[in-house]
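This structure is in structure tokens; I'll ask about it shortly.
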Amino acid sequence: MKTFLFFAKFSRYVVLVFSILTVNFLLPRLMPGDPMLFIFGEEVYGAAIRNPDLFQSLSSKYGLDLPLNEQFLIYLGNLFRGDLGYSFSYGRQISEIIIERLPLTLMMTVPSTVLSLIIGAALGLSLGWEPNSIPKRITSAACVIIHSIPTYWLAMLLLLVFSLWLGLTPIGGAPPAGAPPAEFVRHLGLPVLVLTLFNSAYVAIIMRGLTFEISEEPFVTTALSKGLSRFNFSTRHLLRPSLPSFLSLAAIEMGFAFSGALLVEIAFSWPGMGYTMWQAVTERDYPLLQAAFTMVALIVITANAVADVLSYALDPRVRLS
Amino acid sequence: MKSVYSPTKLETAGITAVFAVITMVAISFFPEGWFASTSSPMPYSPPSSTNLLGTNDIGDDVLRVLLMGSRVSLFIGFLGAIVSTVIGTLVGIFAGFMGGIVDEVLGSFTDLFLVVPALPLMIVMAAYLGQSFLNVVLVIGLLWWPTTARLVRARARQIRGSQFVEGLFGIGAGKLYVVIRHVLPNVWGVVLARFVLAVSSSILLEAGLSFIGLGDPQNPSWGMMLHFAMTRGALLHGAWWTFVPPGICISLTSLGFILLGMGMESRYRSRTRSIGEIG
Amino acid sequence: MMRSDLSGHLTEVQPSPGRQTLIECREVKKRFRYATKGSFLAVDGVSLSIKRGELLAVIGESGSGKTTLAKIMAGLIQPTSGRVFFEGKPITSLDRRERLNFSRKVQYIPQYPDLALDPSWYIYDSIAEPLRIHRMSSSREEELKIVRSVSARFGLSLDQLRRKPRDVSGGELQRAVLARSMALNPEVLIADEPTSMLDPSTQARIVRLILDAQRELGFAVLFVTHDLQLARVISDSVCVMLGGKIIEFGSAQEIFSSPLHPYTSSLFSGSTFAGETKDNAACPFYSQCNLRAEICCNSTPPEFNIGRFRGVRCWNLGQPH
């Protein structure tokens, strides 16, 4: 029964990945206009229109003269071989671009996600417990305020102050691949700060709500009357029971955070996935845009699946049965 | 229920911010005397008595662009929220009230949809659809309904299982009748609060889409102002007056609607907590 | 005073063979399945009939299945097996018109008055609603007249009708619920512990109102209760439920003056804690019975009939030691 439930949960993610690929496949083909424009991108399309041979070879590569279901198989086949198509705006294979840039995005999102989960959970825990003191109310309000500020705008403000006015940090971009780690830290300081601030605020809001809910339950009073210390009490009786729901909520939110990171990248000209998507939009480079989206979606879905497994493993109710 | 915020304070703050934006929209229709109507030949001129908020890269008065942008941002915010709330409410009520297979299918579809990163998907959709006002509204509306659907579904299920609905079937009421006359009025509170929160989200989403360059160039919004500041070098010029005001406007407007929505939600929750929890 | 009133009432409604049966259930069982696993047999093969004008009390402790039985008789839930008949026809095979007729003539009053009415509706509208559904008033004026008269019967002022459920007391709410059922001029009132959530003085008042209305309008009442004193005072006949079965039935006088089942007598003397005992014995009272024999554990006692309207499910009566 347990393993069955586990697989049922997991099959959802397989379905999700499959539907994202399907949407990706259908979007360029069903949008008004010539699908070839969307599949090859503006520039290649223009060249192909003028050159019948190129047109022929390209359309047979993607099987564009075939019925949709066969096209779909070709599409999936290309995908599994790691062939994401060709980006005219970079003049390179898309898979190469992705491999080069994905780590840059992870460099920014992973540290800020880890930091904000820790900071946010601790902050939320203390805010949710006896939430009515003045400093706690002010902090809670600050979290809501921070969460409604667009991250990329905050990034622009920090750039203005720290780079332009004070000259403390670089104005943007990434150091070359072989640069010393200290260079990366210098470039990543502000972006990670922005993302951590924003995500911690959100995580704290979630955790505060969960803690508050749990603190109203009768078992909490019992636990306190047993004379547990505050620290023991909060880890054992507040953190532990809220962890599973916290994880699944946090995972959904991480998707949102990832979206925020994309926009922050643009502000800092940090050449990760978000910056790539931005360039693709500007250049009308549809194949690159789609590939970048697919990668982002896959990462977010994987994060959710992992959180799901973790919360499943941590949920005492599940373990008992 | 005692919450961190007392609903009235929350709502006062929210309403104040919302009124500030509405005032901006109102002023944008009666522009005389508020800003220089002709564009100055000087790009990036700092705030002065003629241009209260300075000028941008093409010499336009920033205050004028800001006021015009308030219309676009607020309008898209409302339209996107209406579309997404209507879809979310219909899906939620249908799933929650029908139960069984319908609920299973719609419920898991909603849950799946929640996992998809919304903004990147919106970027892709908007890029295909092309830059227009209507497309931005559609993209936001069609992709931002799952949270609303989830909450409405939970509430509709609760009402479906409550004693008074059981009793209604007992006195011969039909399903459609119960949905329209009894379920809708009881989810109304959730729907309204979600709508207000959705306005905040749509304003932020629109700003994000415009920032990445997918807004309607004919109707520049606040997000579009940030886009231009980024791409046309206002940031590198240190022309802070071109991007600080729109950012403040976006933040305050979305904050205002969030506060208002949170206030409505907690007010609603404290009122309905006892209803339908037994049985 | 109440007593003498009622004895007069009793003689005129003595069950007689000529009396028309309104609702009858035969061998109904209801099994609830839990979401995880396992199930619970709430009603276990009950046959019961409500005759025109009688007041039948169903008594039993929590968990004895009396609420489930009441809901089955009211057509609110479907039995797992067995059938319910209304005026001689199975309720599952009623056509649209007959079904509507059934829902008009049989009214159910739930245990919790505060959950019985739509919290967002004015009480006036809730009382008028059945009239609207059944198109029993041709105009607003007529509707107002009916609602006013039926509310007056239950002591509700127009001012109270203009409020919402959360703005009136539990007793007022229960009177509104009663008025709502009475607006349809029903033939059977199924009242599921209508007074258990109210304070004693309000209880007496509600019971009084039901009895007065019954005497005037002549409908039958199925009164579900765990209050023995109340059942003794008001009812014509009584069924005692235990573990989903009716273990004894008869006229109120007979049951209360000479209980035959050991459970009934221990219930009256207040020396039982049944309800918790859910072992595998055939007789639900086996583990606590002073008179238990081996047969009580192994096979379910059949219904032994004594006279025309009296039955007991106990081996001691069929097979004296």
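Order as written gives the chain letters A, B and C; numbering starts at 1 within each chain.
The rule is short, and it goes like this: a residue touches a chain if its C-beta (ideal position, glycine included) is under 8 Å from a C-beta of that chain, and two chains touch if they have at least 3 such contacts.
Just so we're clear, the structure is a prediction, and the values are computed from it rather than from any experiment.
Summarising the inter-chain layout, the chain whose CA centre lies farthest from the centre of subunit A is C.
Here the chain at the heart of the shown protein, by mean C-alpha position, is B. When chain pairs are compared by contacting C-beta pairs, A-B ranks highest.
Centre-to-centre spacing of subunit A and subunit B amounts to 21 Å, using the average Cα coordinate of each chain.
Chain centres here are Cα means. That of subunit B falls 51 Å from that of subunit C. We define each chain's centre as the mean of its Cα atoms; on that basis subunit A and subunit C are separated by 58 Å. By the touch rule above, subunit B contacts subunit C in their complex via residues 162-164, 166-173, 177, 182, 185-186, 188, 271-272, 274-276, 278-279. Against subunit B, in their complex, subunit A makes its touches with residues 12-13, 15-16, 19-20, 27-28, 31, 38, 127, 131-132, 136-137, 140-141, 144-145, 147-150, 152-154, 156-157, 159-160, 164-165, 171, 208, 251-252, 255-256, 258-260, 262-263, 266-267, 277-278, 280-282, 284, 286, 289-290, 292-293, 296-297, 300-301, 304. The residues of subunit B lying in touch with subunit A in their complex are 2-5, 108, 111-112, 114-121, 123-125, 127-129, 200, 204, 207-208, 211-214, 226, 229-230, 235-236, 238, 240, 243-244, 246-247, 250-251, 254-255, 258-259, 262.
The residues of subunit C lying in touch with subunit B in their complex are 74-76, 99-100, 103-104, 107-108, 110, 112, 114-121, 129-130, 133-134, 166, 184.
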